[in-house]
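Before we start, here is the structure in question, set down as structure tokens.
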Amino acid sequence: MKHTARTLAGVLALVLVVAGFAPAQTGEGKVAILAGKILTMDANDTVHDNAVLFLRDGKVEKIEPIRSAGIPADYRVYDHREHWIVPGLIDPHNHTATDVNGLNETIALTNPGLRAMDIATLGSNNNDRSLAGGVTTCLMIPGSATNMGGFGVVVRMGAKRPEDLIMKGYGSLKIAQAGNPERFFFGGNRSYMNYNLRQTLEKARAYHEAWNAFEAGRSATKPAYDAVWDGFRGLFRREFPASVHTQIYQVVAKTISMLHDEFGLKVMIDHGTFDGYKTAEMVRDRGMYAMIGPRVWWMDPRDRTINGCAASYAKQGVVKIGLNTDAGVLPQEDLPMQGAMAVRYGWKTYDALKGMTYWAADSMNLTDRIGSIAPGLEADVVAWTGDPIDFRSGVERVWVLGQVAYDASERRLY
Amino acid sequence: MNARIIALLLVALGSAAWGLSHLASPPAVQAAELAPRPQDEQDEEDSARSDRLIVVKAGRVITVTGEELTNASIVIRDGKIEAVGTNVDYPYGSKIIDASDLVVMPGLINPVSRATRLDGGGNMTPNKTFGDALTLEPDDLEAIASTGYTTLGVVPNGSGLPGRSLVMRTGARDTAGLVVSEEGPVFMTFNTPNQDKGRVLQAFKAAQGELDKVEKARKDFEAKKNQKPATPPAPAPNPAPNPNPNPNPNPQPTPTPAPAPKEDPQPKPGPDPKPAPAPAKPAATDFVPPKVNPIYEPIIDLIQKKPGTIALVEFGMNSYQFWAPAPSASSIYLHWKEIPETYDFARAYRVRNSVVASNSPFFVTPESDLELAAADLGKEGAHVAIFPVVNHLPYTRDKFNLGLKLLRAGCRVVYVPERESWNEYAGMREDLARMVRAGFPREEVLKTVTVNAASMLGLGERLGSIEVGRDANLLFLTGDPLSFETKVDRVMIEGRVLDTRRRIR
Amino acid sequence: MTNMNRMPSLLILIALALPFAGTLVAQEPAAKSAEAPKDDAAKADDAKKDEKKDRWLHVHNVDVYPVVGPVIRDGEILIKNGVIEAVGQELEVPEAAETLDGQGFRAYPGLVALNGQGLVPAVSGEAAHSADPNGLWTILGLSGGITTVVTGTTAVKLQRETVEDYVLRKDLYMGMSYTSSNPRAKAQLRDELRKVYNYLRRKGDPKKDDDGDDKKDAAKAAGARPAAQANEDAEARKALGSAARYLPLMKGEAIAVFNANDAANIRDICDLVETFGFRAVVRGAIEGWTVAGNMGRAGITAVVAPRTRQDPDDTVSTPNGSTMANAAILHDHGVRVAIASLGANVDLDGSPGRDAVALAYSAGAAVRGGLAERYALEGVTIEAARCMGLDDRVGSIEVGKDADIVIVDGELLHYATHVQWAIVNGRLCYDKQSDQSFLCNIRPREGASADDGNQWWPRRFSEMPDAWSYDPEADWKRRNPEPEPKAEEKPAEKPAEGEAKKDGEAKPAEAPAEAPKSEGATPEKSPAGGGR
């Protein structure tokens, strides 16, 4: 790759021209990617070597072997025969929808009605860099300054149109059990914070159940609509998870017993670090999600060893493990690095990749849309030069909804 | 909440019961010997005539070095112990102190105190002494004495080689009487080797240079004398033992010409040439050594292994800064080791092994990693003064007893209070009990604050135990020294009972 | 290699030789006396003692990656007194040598950390006395493969359990600044350099002097030199005033280091360096890729941290901001590229990958940006050493260099590669399986083999071995050994694939499967994915 400033600028200009004025290429919305390897990351862990990935109208159409694939003339062909095609990575804990403080509303100790979807922005430097790191989807959640920061939103990073931006308006409910909310005005501590949380959730549950009763005909009086509590109905229907800022053994254990057992929520243990992995058996038995990060290891002072957090969950049989960057803390394009570090400290490469795609999508009930490559799923795919979590591998091209959203040959952002 | 209170009560009751059971024994069996004879003086406070001769009749005597005695007498003449035993005779007219229901042990010694501020002269003033700098309120002294401490080795402030420790009593009739010795251990800090190692090396190099200078002058003198057959061949045993010029002075046997008695008559050694055999009558034929730089005299004493001259080396920071890595204690020892490898001398160490709390997953306790150097220190048989705390193994929360580790390696452990506060001093006996609970041998733990501390000051022949000839620094306790309940009843320094009642009550 | 580089070693040689010659001469008459035989015997004894005192270390069963030459498969390294004595195969090894079985892993030169203030705080006081061999930071640095740390203007070695040979070299460089944000200082620097330049021209080129015959040099070195030097210095100081401090720089005896990231600033520095022709290093160089040609022409070495992030300024019409391709573009323009870590700190908080210890990953990121892996490796070893003038001592595995060697269990730049042993100054200073390392529980060496590392770059996932993965049962058994002889349950190992990525070469490995040859979508379940 020979670069000079001038040629680069030239290429940039050319691309701008093409993008701005040229009419759509032949076969708009039809793409065929020749791939050296396709990691589908589906439930069966299917891997295709030397295959063609057909995208059509923003969705995955089919996968066929290169030799037997007949590529129709109206498909735009991308040659990635020496690259790996991997589903776009998903960062399930990200604060950069606007900026880090934009989502840290410290109005009250619990802010049940706030919604991150109301402030999600289209296009930013973060967006482009995120794609350059192979991350196509982020769960933007409020910060952990209060016990309940509001609802997070699932955002498509490479979206070109506003309607593509928000994949799921109610992506999760952000709850912070301990660690940061102590800094809030009153300086409440763990027992008060849990009490406070419980009060709020009880109210939400009462609202949900009143509506349930009405809808099932058990109650004649129609409850009054309340915008503050209406979002919680999806939470109690387990349509989206609670992303719980929780770490350290005691706190994680309380998360499990209170939010999962008591309220029956779909719980995503966000962070889960320090010695949080000591709850691994409880997490495993309940089939909960552990989204590890941004810390990767914890030094166990008892036997003076460094223990990878993800590996320690996996060791005790937890399957649904993902990784996050807590972007703002780490840049979200470093999500693959989180995978690399998790593997360095004891985990497995494939599991890390699966955690960053399939399990992250699964935690948000989005496996029918993203997280793997299968016919009918949305075409957010990334061409890597190799093992995505290797520092030496780079993103060559990213397709979002079947359209090229990032091309490293124009300028390698990361 | 209730449960906690009950637990506390239980603990208190338990310890009380334990203490009582220990207390019960001495007074129960009161031997005939302890009964006062009719002629004996009963009033112990204001009897001037019997001041010179005192007999302590104690229910239990912890001599520390020897066996424990029950119902024994300690005969004290002129502030020194004359006799100890269960069947000792003493002249009539002695003042009798009835301690039949008390436990008597040697007064406690803190050899690395900073009870009073002694401002060192600089980085390179090893010969500075602080006899005049003693400013301690009588009240403070009384406070310290009432905790059972009778001797302090006060180290000077400053880094490098700021001067010599001041060994002092915690009670005397006047301020001048407080000083035991101005020429205590030669204090040197080695907290940050990048600053201190150079200074210490420089000091030793300079001292060696002075010695070489004297040696060269002596050789020249000898050569001259040999040329003149008139003079007799000079028996002088001293000039012989230095065949090799400079590099390795370790094997020097150095018979140390004028040992003990010289100290008293000469207040300030000043121009006194160290290796000179007999400065009394300088005959023309005798060798008159050139003057040495007085700054390096203590270091010369160290190199020549003058008895009682000891280097006191301080390792470890005041407070450990997590964000600014500084050498750990064992690394510091590695740096230090090179100095005694070149110049062998008597030395003792002081290590600040505070327990450092940290939120990091790495539980950084750099001072406690001195355990890595324990074997080497043990080979030296070194005195190591540490705080009576249970340390953490480096980078873990695993507890371990650094003192025990050093003891097993062969070190002479000295426990010192962590801070210069009355509470810390008063709590020392409890801290020692805690160390016993953490594995430190019970029979060794009292030595750490008495004999070991005394020999660390180079005063092992004078202080630290109840033996014939030692100073009568005694501590009267109401029970076992390691018991939680035991109080200090009174304190005696060189035969004089201190007026500490106000505090102790 | 310029003459300037050869000069010091020559001097040292002569300096070493002279006293020796002196003693020989002095003993000449003594040899004739009666005591001669005894003397000889004593000498022989002494020689024997010296031989006994020699520290020999023999590393065998390793693939040697010397960085400056071809890989030696199944190689050996012989180390004497901390210096590499021989590298190759089937070496002659003295009996006294300690041995280290590398178990077929790879030996690389120890890495040189140019951004190491967090590993070793800037030295104050006496550098040699500031070693912290038993400190936490030393262990962590070694676990990242780092053996040499540049902190401030001092280079030190990370060593355990000894304070000897700590300082590698002092006063490595002159920190300089040449930026438009301080025009006055900028002009002053230029003027002063001009002054020195003119002074040297008037005096005649000192470099020419060194090109004279060796005897003359030797005579100079023997004693006349220091005095002459002192005179010369005094004279220069008189003539130049404060500008005299740039004399060594202009004579090529010193290195100038600029901290510069901005394109305009770098361009200015390039001009300056080109004008006066001194050795210069630009640290940072975030926008170096936009002025790579200038840097190449000026012969400047760039010290870059490829993952540095600086968003482009859209108000500037020229290309700007950071790019991962920075190192690659610079290298393509002939700039020597040394690679530094992203952060100078040492992470103790559980967030690895961006701190000073993660130096190898910085090199990995340069590969991601298009730099050939070979040059990325050089960037953290020999180039990093060279830019600080340390390449005569460290940075590669070569005979005569310091024996700073890390033995790693895979490709050095791979994320799962751990340092198994680190040798510094010929001493074994780090062993991953020892109690001191913190990492003994992660993929314990027992059961791992050298081939595993090669397979970390699988062309096909189906071929990915499971041998490296964490086996909780095995780990549990290792930590809680049962009385009965333990059942050896190694994870399935597969021999190294021929396809597996070999060292050195650029990353996109073989040519693409030219003809679509596969049978098609062969759904293969990854062994790594399924089991746990």
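Letters are used for the chains, namely A, B and C, taken in the order the chains are written, and counting of residues starts over at 1 for each.
Here is the rule we go by: a residue touches a chain if its C-beta (ideal position, glycine included) is under 8 Å from a C-beta of that chain, and two chains touch if they have at least 3 such contacts.
Every value quoted in this text rests on a predicted model; they were computed, and no experiment measured them.
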Pair of chains joined by more contacts [C-beta pairs], A-C or B-C: A-C
Centre-most chain, if every chain is reduced to its averaged C-alpha atoms: C
Distance from subunit B to subunit A - Cα centre to Cα centre, in angstrom: 66
Inter-centroid spacing, subunit C versus subunit B (mean Cα positions, whole Å): 50
Between subunit C and subunit A, distance of the C-alpha-averaged centres to the nearest whole Å: 39
Residue list for subunit B, restricted to those that touch at least two other chains: 360-362, 395
Where subunit C touches two or more other chains, by residue: 348-350, 438
Numbers and ranges of subunit A residues touching at least 2 other chains: 274, 298-299, 303-304
Interfacial residue positions of subunit B with respect to subunit A in the complex: 360-363, 393, 395-398
Interface residues, subunit C side, partner subunit A - complex: 289-293, 307, 309, 311, 318-319, 323-325, 328-329, 332, 348-354, 361, 364-365, 367-370, 373, 413-416, 418, 435, 438-443, 456-462, 464, 469-470, 472, 475, 479, 507-513, 515-526, 528-530, 532
Residue numbers on subunit C that touch subunit B, as the complex places them: 120-121, 123-127, 129-137, 161-163, 348-350, 438
Residue ranges of subunit A touching subunit B (in the complex, touch as defined): 274, 298-304
Residues on subunit B engaged by subunit C in the complex (per definition of touch): 192-195, 197-198, 324-328, 330-331, 334-335, 338, 360-362, 364, 366, 369, 372, 394-395
